[in-house]
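Got some structures for you, see below.
Shared between the two complexes below is chain A, which pairs with chain B and chain C, respectively.
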Partner chain A sequence: MAAAAAAAPTRAEVLSLFRSLLRTGRQFSDYNIREYTRRRAADAFRENRALGDAPAAAAFADGKKQLEVAKRQAVVYSLYAPKAKSIMEMKLQ
Partner chain B sequence: MAMAAARRALLSHLRVPVAARPAAAIAAAAGSVRAARLLSSSVTEEGAKGSFLDKGEVADRIVSVVKNFQKVEPSKVTPNAHFQKDLGLDSLDTVEIVMAFEEEFGFEIPDNEAEKIDSIKTAVDFIASHPQAK
Partner chain C sequence: MSLSRRLLPILLRPRGSPTRALSTAAASAAPAAAEEEAVTIKGVRISGRPLYMDMQATTPVDPRVLDAMLPFYLSRYGNPHSRTHLYGWESDAAVEEARARVASLVGADPREIFFTSGATECNNIAVKGMMRFYRDRRRHVVTTQTEHKCVLDSCRYLQQEGFEVTYLPVRSDGLVDVAQLADAIRPDTGLVSVMAVNNEIGVVQPLEEIGRICREKGVPFHTDAAQALGKIPIDVNQMGIGLMSLSAHKIYGPKGVGALYLRRRPRIRVEPQMSGGGQERGIRSGTVPTPLVVGFGAACEIAAKEMDYDHRRASMLQQRLLDGIRGQVDDIVINGSMEHRYPGNLNLSFAYVEGESLLMGLKEVAVSSGSACTSASLEPSYVLRALGVEEDMAHTSIRFGIGRFTTEEEVDRAIELTVHQVKKLRDMSPLYEMAKAGIDLKSIQPMSGIG
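Showing the complex of A and B:
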């Protein structure tokens, strides 16, 4: 368990986690939460881009947990979807 | 009488395609066998052709998606631009751009294909050859 946790994720794994987070974030019906998830994921991956092996493994594990949280919350939020669209989603004429 | 029976048979036979193409339905209702043949051929033709987008249109839409991406300077975007070499994007930006393509074209790009998209040209080639892109 400890050995597995210490192994740094590969580049492809990291990008795949990022993609999964963005995909899950896209499912939120609320514009603000959708944008927040996207921003939060992008910022966190950028902030951690230069991590060494051990911290990268920890960050990757944390990211996977966050993905589970996002998946769960997307379901919960879908039950309480806002009735009106955000003004930011409306197309300009 | 025989004409009416033939017409009824024809109409019941054509129920499904007729619903999709009301204009053709009127032609078929005139009772001509040729109209029916024309209808069925145009339906299959449309089915085969409608599944791929025109390359020029795909290129235009991709260029506008990339231009709208926050970190990209719109003047640098050309149909031959490479995301990392020409537009100064990193691998994370590339993931975000590919996701934006998914939204624009309404289908999901699997990871192994998404990894290969690193320039506007590869994106156009992939999306233009993908039957689900719309």
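Showing the complex of A and C:
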């Protein structure tokens, strides 16, 4: 992969990507997708904390691709959001 | 007259809000704007969309899958079989890329993958098509009593055509007895069909052993892996699989697409069901639906990457669900083996509770008593009966499905609602009272029919 040849991302770049993913994830209108995006991003960044240079660059490139997907799909989901929310988003009776 | 009077206000509404006038949900919620919106469907009023725990029926489409599909619903609409222009070429390339992704998830060669409309079609082609192709020499099929309806129904059809079928019983844990299976194979057996993961109870059959027996006896092994794909590791060579049915919508892909795996060496031949343009090497004529196939490919690629992560989560949530319910309610039976089980499935029976009442009371949790195909009937599940589960216990089963998008909070809410409902129903049940008083219910004759 061409991405693997790229230099390892800096700490600031990684944190910025992580924050962008979390911010985009919050925009999903669907409860389950919103929770999943947050959880999956957090777990992936935690798991990949100790990666070497080459794999870190590949993971970073993959993360950037995921961010683009999330940005597009957050819009698609918002266009077709159902009127009623999930019962998980409501207060307990 | 009265009708026109009722319609008049709707027709006179300002043109800006046609949907509001037509939507009953919006209309009923409008007066109480401060109140939360409610859903009314089929006469049932629910305060919001139920939490979804019916992952064996179908799964939500992963946003990454939809993202891969959308271009093929917009500008890339070419027919993948068009050979004369770019539209066809780009669709064809996308279909072949998807084929490679499906193949790689099961350790197959892309040329062994044939796209179909879903696992039901695959099972039909595999069971009927294979037996019809070799009908002169092979007259016998071995399968199990807990197979999916489409395999059993295909077998029933073959019986009407004069073939013989052995329906193997399963042990009380849902697993097939491998020695019994070996004994059932005859010189004229043309197919052994055993599903990988059961749709109702989630038990994983010993595929590798069955595959080895079939290879020794020279009989092709077909497995319905609709519930297994992307959830447990599958390798067609290691497991000696000759034919395999796959489905996209069980692994966060789109509905309406599946794939049949047909081994090339030694070659397995089937008689196609449909006549037509000869697409998919003549096995399945009809235009390949590019967007669906691309979605299936994307779902397989994600499943390959996420299998470990998803599996860990499903195991953790299954344990949480089981502990949560078992900690507060007694007299629960887990249907099917716990150690040979896909963790995204938990099938429980609640003694002294009527299943329909329980499901009706659990309107805020989308669960099922068994398979979606038979959820309309009041008959107890034939799978549970094959396990030897008593009729009253088979009637009170609930299948909880845990998937990629299930959260801890959803599991906790499901526990809370289930426990509440079971306790409520048991408080009303004279059977439960008697059982708690130490009376053996089976000894009471007039009561034995009630359950």
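The criterion applied here is as follows: the second predicted complex is superposed on the first by the 86 of 93 C-alpha atoms of A that agree within 3 Å, B and C clash if a C-alpha of one lies under 4 Å from a C-alpha of the other, contacts with A are read in each partner's own complex, and residues count from 1 in each chain.
Here is the rule we go by: a contact is a pair of C-beta atoms (placed from the backbone, for glycine too) under 8 Å apart; a residue touches a chain by one contact, two chains touch by 3 or more.
The structure presented is a predicted model; accordingly, all values stated were derived computationally and were not measured.
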Record, for the superposition on chain A, whether partners chain B and chain C clash or fit. fit
Of chain B and chain C, which one touches more of chain A's residues? C
Partner chain(s) touched by A:79 [first = chain B, second = chain C, both, neither]: neither
Just to be sure I read the superposition right, which of the two partners does A:50 touch: chain B = first, chain C = second, or both, or neither? neither
Roughly what angle, nearest 10 degrees, sits at the C-alpha centre of chain A between those of chain B and chain C? 120
Looking at the overlay, does A:87 come into contact with chain B only (first), chain C only (second), both, or neither? second
With both complexes overlaid on chain A, what's the closest CA-to-CA approach of chain B to chain C, in Å? 11
Show me the residue ranges of chain A that touch chain B in the complex, using the header's touch definition. 11-12, 15-16, 18-19, 22-23, 26, 38, 42, 45-46, 49
In the complex, the residues of chain C that touch chain A are 23, 25-26, 36-39, 46-52, 60, 63-64, 66-67, 70, 309, 364, 404-407, 409-410, 413
What does chain A use to touch chain C in their complex? 28, 32-33, 35-36, 39-40, 43, 66, 69-70, 72-73, 76-77, 82-91, 93
Of all residues in chain B, which touch chain A in the complex? 91-92, 95-96, 99, 103, 111, 114-115
